Amino acid sequence: MKERYLSHPTKPIELFEGINCSELLERLESCSFQGRQLALAAKVWTNALDEDLTVWMGLAGAMVPAGMRKVIVQLMENRLVDVIVSTGANLYHDFFETVGYYHYLGSDMVDDRELREERIDRIYDTFADEDVFFAVDREIREWAMKTIEDRPYTTREFLRLLGEEAGRRSKGEKGILSTAAELDIPVYCPAIGDSSIGIALAEADRRLIFDMVGDVEETARMAAEKETMVIYVGGGTPKNFIQQTEVTNIVNNRKVSGHKYAVQFVVDPPHWGGLSGCTFEEAISWGKIATDAKMVTVLSDATIALPIVSAAVLTRRKGRKRPGKD
Amino acid sequence: MKERYLSHPTKPIELFEGINCSELLERLESCSFQGRQLALAAKVWTNALDEDLTVWMGLAGAMVPAGMRKVIVQLMENRLVDVIVSTGANLYHDFFETVGYYHYLGSDMVDDRELREERIDRIYDTFADEDVFFAVDREIREWAMKTIEDRPYTTREFLRLLGEEAGRRSKGEKGILSTAAELDIPVYCPAIGDSSIGIALAEADRRLIFDMVGDVEETARMAAEKETMVIYVGGGTPKNFIQQTEVTNIVNNRKVSGHKYAVQFVVDPPHWGGLSGCTFEEAISWGKIATDAKMVTVLSDATIALPIVSAAVLTRRKGRKRPGKD
Amino acid sequence: MKERYLSHPTKPIELFEGINCSELLERLESCSFQGRQLALAAKVWTNALDEDLTVWMGLAGAMVPAGMRKVIVQLMENRLVDVIVSTGANLYHDFFETVGYYHYLGSDMVDDRELREERIDRIYDTFADEDVFFAVDREIREWAMKTIEDRPYTTREFLRLLGEEAGRRSKGEKGILSTAAELDIPVYCPAIGDSSIGIALAEADRRLIFDMVGDVEETARMAAEKETMVIYVGGGTPKNFIQQTEVTNIVNNRKVSGHKYAVQFVVDPPHWGGLSGCTFEEAISWGKIATDAKMVTVLSDATIALPIVSAAVLTRRKGRKRPGKD
Amino acid sequence: MKERYLSHPTKPIELFEGINCSELLERLESCSFQGRQLALAAKVWTNALDEDLTVWMGLAGAMVPAGMRKVIVQLMENRLVDVIVSTGANLYHDFFETVGYYHYLGSDMVDDRELREERIDRIYDTFADEDVFFAVDREIREWAMKTIEDRPYTTREFLRLLGEEAGRRSKGEKGILSTAAELDIPVYCPAIGDSSIGIALAEADRRLIFDMVGDVEETARMAAEKETMVIYVGGGTPKNFIQQTEVTNIVNNRKVSGHKYAVQFVVDPPHWGGLSGCTFEEAISWGKIATDAKMVTVLSDATIALPIVSAAVLTRRKGRKRPGKD
């Protein structure tokens, strides 16, 4: 009996000069705690790509101001993700950077009252020029006024057009929205009003109407069509929105069995009871995750976990075609 | 010089038999760490009520399934909060409980595959009957089809009607939405599609359209009209949505100076860089919080912090009128 | 089958003016998340006192500078705890306050370089005068030189004498060590060198020798004599030291079955793999906790959890005798 | 003025196939949040090695059962660390693995009552055979009885001998203690009784006496001799013990100016007020850290942060001599 539990010894990790991210994670598979989870995340993601399924990525937290924009672009370009659901902030900042503006290295040990006077906005240890934000707000408003027609748009439709605009204005800089537009990758934003995009559109000459329920329907239908892998970078609305596609399908009597592969890089532990930190086990009870899903939770800041795991998956998959893609 | 720093000795808390929540928090003011913060939250909230301002409460996390519904109702009834911004989930579960359904005491140490078979949905340590959820989804869909007209609704308009319906169907049970409808307290839900309300409305005979930008405009205007206190129960979209009212006003050249009082009960620390855990200091750089605001952050599960602080504020304010209210 | 899981509806908490801590926790028992855990901690502690067992309390974190000294004194005076295992820091600060010195209300938003110049030491949001610390270091050193004999002392023996000294020097202020000495409550400190007590004794004229293994043996024997409840305020060495009493007994073929009741107020989640945050479930695998133990983990800052739970237990138990005590 | 804050744009990280850990961290230096901190940790550590100073490493948490033993051995072999202060558990498990026993890959989703029956001890997601633990306890006891003389030993002296024994018994497996003995690297354990080493020595035929104050003195003197870098893997007693060397020196009027370089990989945030999570800024107020120290805090599980940062430092420093070493 004892052997059942004691069958695989851990193998303490050994480093070598120039060890790459993929090699490091391979070795961490035989270690413990979140190091092992990080390694398993890369493994599950890599292996899932051998199957013909759709990879959904949820993006919460200030990932773009934190410098994760190009990693996500690379994931899209290499067909490692197929659908994106994001907070509005990430997409606003993505547009902002793609069209040529910058975030700046800052510090959290600073006098915010002085920043206020200088009109510098702080995102933890990162700064931005408020005046540029406001100029971009106005640009988005003006662009929307002349581009968006007088009918409800799903956020996917709206963001596709915004991505095309970003691409047009970009001087070589690649962004999430512009790349998504180029590669026909759908991007959703379930709380688009709750962001600088919402702010930009407020008090415009004409009211823009988003078809939120349309987003719900469309994503649910897409999730019913093909098996799914989900990758959550943070929790928030993106995680919940992708999770609920399966519930919507169950309510509407569509035959689904829950997401088949699931990886999350989160910082919330489950014991606060919120959706952001909830386990994939809990999600099984709802039918959101398949009962036999391969699932990995990594408790880590995504600015650590995402680049390393992406580097490993990119290294392992480079040049290989995905079934049903390309 | 030294005296400048060493002027107020801590006073170790001493208990007594039957000590009430207000008395306990009073004593904790002279202690340290999060205990002190909890005490200061009650103090700042209580004192702010002497001024003629609007108290905005953001509600994230599964607060209603966790048993916080009536506390929030009591806060509304006693005019301790004036506006509510919530996740869709809390409002769905509020409707669900108000019309007579139950959540159940459960456990997080359970076989979720077995729960799946039984169609029981788990929220950390709390259970609910999925079949009842689905029945309520259908009820909301049918109610909406016959009640909601064919025009965009702000979430406030929609939730007012849903609150009235909850009140009609309630057999004595008070809810957030029904009480808000009765007392004319506005309720907003910036990611309404991202919840069981969104699920309920998907695949209906007729598409319901929400006027998300209308919510943004309306809340910003309201925040410009009268000074504000903000209370965040968790982070998420509700916190961001209330915070951004001030930014919207700045962009649109309305004279605002940031929220004047600010209390938050959060579990996210600032070092992950996300909005949910960000400090009020950071918010000052954006103009969201006044440079001279009284502000308190309590790092604690809201199911601990909210009832205790609410009990203290209720005890201290009971029977007293608020300037400009009642 | 479904009924097995859905038997006890949650009961949303309702407050009233002047609600006391015991009443609040009673109501939180029917809610969820950490609020429920807090309530169960008070319940399990209260009920355990009906049995003839020894209550061990582990004290980690800067609980005394944080103002928790008198709560712990009250717990000892009311026979709600019987044995204490603490970090050295808490005991040093306890001595310091008992003999008449102060900690001061401070802030974590301060220039630490300025504090350094002023010789003010910061403990998060609490200040103390370094010169007074150094004076007390010298006092302890001198006291030890003339009091402690030239033989190994268990920390219990040493701390008993230090407690008596604190009592002698106190002008009415009660402390953990002085009260323990008075009431014959044993106090252990497994890392006594790792604190200002250790600093005070370094470079003395004579080397003081602690009998660390004696502490291990003595506590293990005590834990074998009578059934045990454990209460951990924070993790660290105190938690591990109390937990290992059962392992020591198993190794030495003493018949023990693990601690029978277990409550912990911790801030570390289990997923980092450390002992501080580990679950009581994990401890069952080691035999540290009884397989049928009543056990409650509360994820909360102890400066919130300890006073509230203590207030409830004090209120519920006041005046009642414990079996085998008094 | 604005330019003062907005001088260095972030540079979103871009990956490439086979990117190694050092290259990844280089790119993360221009990103934000904990990813940037991780990168800066590697940078500060690498650069500090150009100076003639002593690198102290504190080791808390179950790092050895988690598979970090060889990383630490490699750090010692490559002269990237010079002194080690550890919990007893890590050193016990190091001895255990070095002499040929194993930890096993396990899971935290397991029935601990079943493990109890099988006498399998769980460390989060890692298992070990309790019977082997007990055999090793007996071996250590017997070894100590015949090796350790009847006088107080500092933990350094004791652990040196235990390391030699581990080396003798090892069949090619390298451990922390055996490597330290071989390379003459001092290892301290301020809470040695609070671990399986303490358990092993309890109830022996002869009482072993540790000279804890000797450890305090010796480490303080060593820290006064040469400038210091400190690296904390977790908090706990090792962090506090290394931090207090400077305080001991100040109390004893030795001229020290605080640790000059400081890196910590911790999971505790500062707001709980404990030493484990406290900032290096706070440590400046005590004189533990130099006012002009280069210091980096990384909030991350050490099983993620330690291997990656070590890989980068190893890669960057390989083959280079350290001033004053070798």
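Order of writing sets the labels: A, B, C and D. Residues in every chain begin at 1.
Note that contacts are C-beta pairs under 8 Å (C-beta built on N, C-alpha and C of every residue); 3 or more make two chains touch, one makes a residue touch a chain.
Nothing here was measured: the structure is a model prediction, and the numbers come from that model.
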So which one's got more C-beta contacts, A-D or B-D? A-D
With centres defined by CA atoms only, which chain is the most remote from subunit A? C
Approximate Å spacing (C-alpha centroids) for the pair subunit B, subunit D: 43
In whole angstrom, how far does the Cα centroid of subunit C sit from the Cα centroid of subunit D? 26
Centroid spacing, where centroids are CA-atom means, of subunit A and subunit D in whole angstrom: 35
Shared-interface residues of subunit D (touching two or more other chains) are 32-34, 62, 65-66, 115, 120, 123-126, 271-273, 281, 299, 301, 303
Could you list, by residue number, the parts of subunit B that touch subunit C in their complex? 1-2, 5-22, 24, 27-28, 30-36, 38, 62, 64-71, 74, 97, 102-106, 109-110, 115, 118-120, 123-129, 281, 299-301, 303-305, 307-308, 310-311, 314-315, 318
Interfacial residue positions of subunit B with respect to subunit A in the complex: 60-62, 65-66, 89, 108, 112-113, 115-116, 120-126, 130, 134, 137, 152, 190-196, 198-204, 207-217, 220, 234, 236-237, 240-241, 244, 247-248, 250-252, 267-268, 270-276, 278, 281-282, 284-287, 291, 301, 303
Applying the document's contact rule, which stretches of subunit C touch subunit A when the two form their complex? 32-34, 269, 271-273, 299
